[in-house]
Amino acid sequence: MRTTTPKEDFTRGIWRENPVFLQMLGLCPALAVTNTVENAIAMGLATFFVLFCSSLLVSSCKSFIPHEVRISTYILIIATFVTLADMVLEAVVPEVHKELGAFIALIVVNCMILGRQEAFASKKPVGRSLLDATGTGIGFLIAMLMMGGFREVLGMGTFLGFELFGPSYEPWVVMILPAGGFLTLGFIMLGFGYYEQRKIAKAKEMSDVEGRVTS
Amino acid sequence: MTDKALHVTASPHIRAADDTPTIMWSVVMSLAPVVGASIYFFGPSALLVILASCAGVLLVERFFGTSGGKSLFDGSAVITGVLLGLTLPPGFPLWMAFLGGAFGMAFGKLIFGGLGQNIFNPALLGRAFLQAAFPVAITTWTVPTENWLSLRGDNFAFPLMSPSLADGMTGATPLGLMKFEQISTEILPLFWGSTSGSVGETSTLFILLGGIYLAARNHLNWRIPASIFLTVAVMAGGIHFYDNSYPGPLFMLCSGGLMLGAVYMATDMVTSPVTNLGSWIFGFGIGFLVVVIRLWGGLPEGVMYSILLMNALVPFINRATQPRVFGTGTQRQEGAAS
Amino acid sequence: MSDETNAQEASPVAAAPEEPGVSAVRLFMTLAVAGAMAGLLIVMVNQFTQPRIIAYKAKMLKLAVTEVLQGPARYDTLYLIDGALTPDLPAGLKPEKQKAIYVGYTEAGEIKGIAIARGESGFQDVVMLIFGIDPATQGLTGMKILASKETPGLGDKIYKDLDFVQQFFEGPTVPLLGVKIGAGDGAPNEIDMITGATISSRAVIRIINNAVTEWEPFFENLDKKPVAARGETK
């Protein structure tokens, strides 16, 4: 395994290995609760909170956790923070909590979080783990914001409730329905795929040219 | 080495005159009377809607098509555009029709690899998208007006903006009347096409004529529409006989998009089964779903979803009805076992 | 029970080389400690959040009841326990799990109306609503949609179309009858349905009619005075 610099730990998850669009993790909330920007932000922040606290705890307790029960322990830790996030959201912003419904509780099974614990926090020092968790959390938040923004702008003609196109805008209802989640995710991954392909093609072109020059 | 080259090629050696463009353009030709009837009934609005959806389809095909624009002229894209236009209400805003065409082409066809690769009928996929995106606009039906030249709705709504709707211009389709008001419509206007509804769905007569022409030239598999009609007629007839409040078989056959769907959309060569037995199963499935959705579903019309659902099953139908080569089969299994 | 046999059987397959000496007790203790800490943390936060959550729910319910009964001076919550209405909930039963109606009174202590909450399937999902009815006139005093997932732009007009909602505040009598706009003949039980949202409008009407049918037997024997003014008779 290649060693990484602390800077890489942080930046990797934000864009280059974006958890949703490139690792395809955490798709359930990305599809289900991104119908408005507000919901997307609430979900992104709740997930960020759970990921950050879990990484902190897992990384600092890793020497006490026996290998055999590590997954159970991680799940226990994650579930605790999810329950906390659930209760705090319900008490502080009940309207948002009503919209997000069961999906807050489902953060427990967001493989992105467990994945970071198993792949990173359980092996690396606390500082690095927090960098990694912050980067991944921000990446997830960005992904949720992109999806939420796209869907709310098209589906309601608003951004964070602010009207963009005037009152006679015809909303694309499908975008705030579940089908719109799949469509949006498809659109964005199409863009990522296109970009990757272009990059590979360019790299190949370059190496071909170099090969010709040297030969 | 001799000068005379002996060309040896693999079979088949008999060339048929029908190629893809021939078949596709003959389908387009057979749609001409349907388009003509729609213009007769709904005025210039009908033509505008069809042209807008064609524009969306062709533009996407031109810029994202697999063969860099050559596929524009094989007729398949035009069929998609015309068929989509025919399933939309006459007063539909043109920018929505354009968007539907572009979406159907891009995500119904090109994303799978172009002509022959798609799973779903692109025209219906475009319509399904429009139905989900603009549920109000796509269920706003206009009643025929006195002045033939007047538009049947706000066709020229500014892109992204809602169409403005004058009062008294909307009416319900025969199927909507049946479902929500229990009012039946006479069969004759349904057959001739002078009822409210989508641009090209109202005239049973012209759709049937086009279908018969295509079936005679062997450009469509007659088993599919035949089995759809048979299933719908038998099911609707039985239910109507049992409980009079349900619509009768003739009403079911002539109303809504059943004719257009059965003749032109279910028979799409790419998205229908290749075997004859499979065609019967496919048609039966569509007919069954149409009756179920119309009578007991939330929507008055279910042809679009029925065909799309059965499209998804086509690969399985093909596999299940694959004919065995004579002499193989169970015996081969025994041979393999021993 | 037989850790050793398990270990012997497992070792050739899994060959678990790392930490061979971890005992079952240690594993158990780890999970138990983690679980206990987690529980402690959750209970602590719950102490802080639970009152707020309950207060919010009560506030929303009170707002809804006040709205659909057009501002009663006070209202009582009557629970349906063993086929009878009672204001006192037997110990051990959670109030939010019981079927209940809310009886509103005027300043003078007369019954102003009864609010009933009910949910049934609409077009997409369950439509939950609360409505008020005046048992004396059989006329509605109001209706409010509490939760619905009806199609945005179409079915959601059952709470966004104020003309539709307003009709329920103008005393239509039960059983309600949905009619197409302009097609009614002015009967007091007619409700103009929403164009394009026929199924959702019908669902609202059906839910109210069903609720009235279910609760009507209790209207006769309601105490005519609020609980607070009734003395110790019960």
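Order of writing sets the labels: A, B and C. Residues in every chain begin at 1.
Quick note on the criterion: contacts are C-beta pairs under 8 Å (C-beta built on N, C-alpha and C of every residue); 3 or more make two chains touch, one makes a residue touch a chain.
Computed from a prediction, not measured in an experiment: that's the story for all the values here.
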- Task: For this assembly, give the contact graph shape among line, ring, star, complete and other.
- Result: complete
- Contact tally winner between A-C and A-B is A-C
- Message: Distance between subunit B and subunit C based on Cα centroids, please, to the nearest Å.
- Response: 45
- Task: Find the geometric centre of each of subunit A and subunit C from their Cα atoms only, then give the gap between the two centres in Å, rounded to an integer.
- Result: 34
- Using CA atom averages as chain centres, what separation in Å is found between subunit A and subunit B? 40
- Residues in subunit C with touches to at least two other chains are numbered 151, 153-154
- Can you list the subunit A residues in contact with two or more other chains? 173, 177
- Task: Name the residues of subunit B that each touch 2 or more other chains.
- Result: 135
- Complex contact set, residues of subunit B against subunit A: 93, 96, 129, 132-135, 137, 157, 160-164
- Message: For the complex, give me every residue of subunit B touching subunit C.
- Response: 135-136, 139-140, 170, 180-181, 298
- Message: Under the stated contact criterion, what part of subunit A meets subunit C in this complex?
- Response: 64-69, 72-73, 76-77, 79-80, 83-84, 87-88, 90-92, 94, 98, 155-156, 171, 173, 176-177
- Of all residues in subunit C, those that touch subunit B in their complex: 123, 151, 153-154, 180, 195-196, 198-199
- Message: Could you list, by residue number, the parts of subunit A that touch subunit B in their complex?
- Response: 165-166, 168-170, 172-175, 177, 179
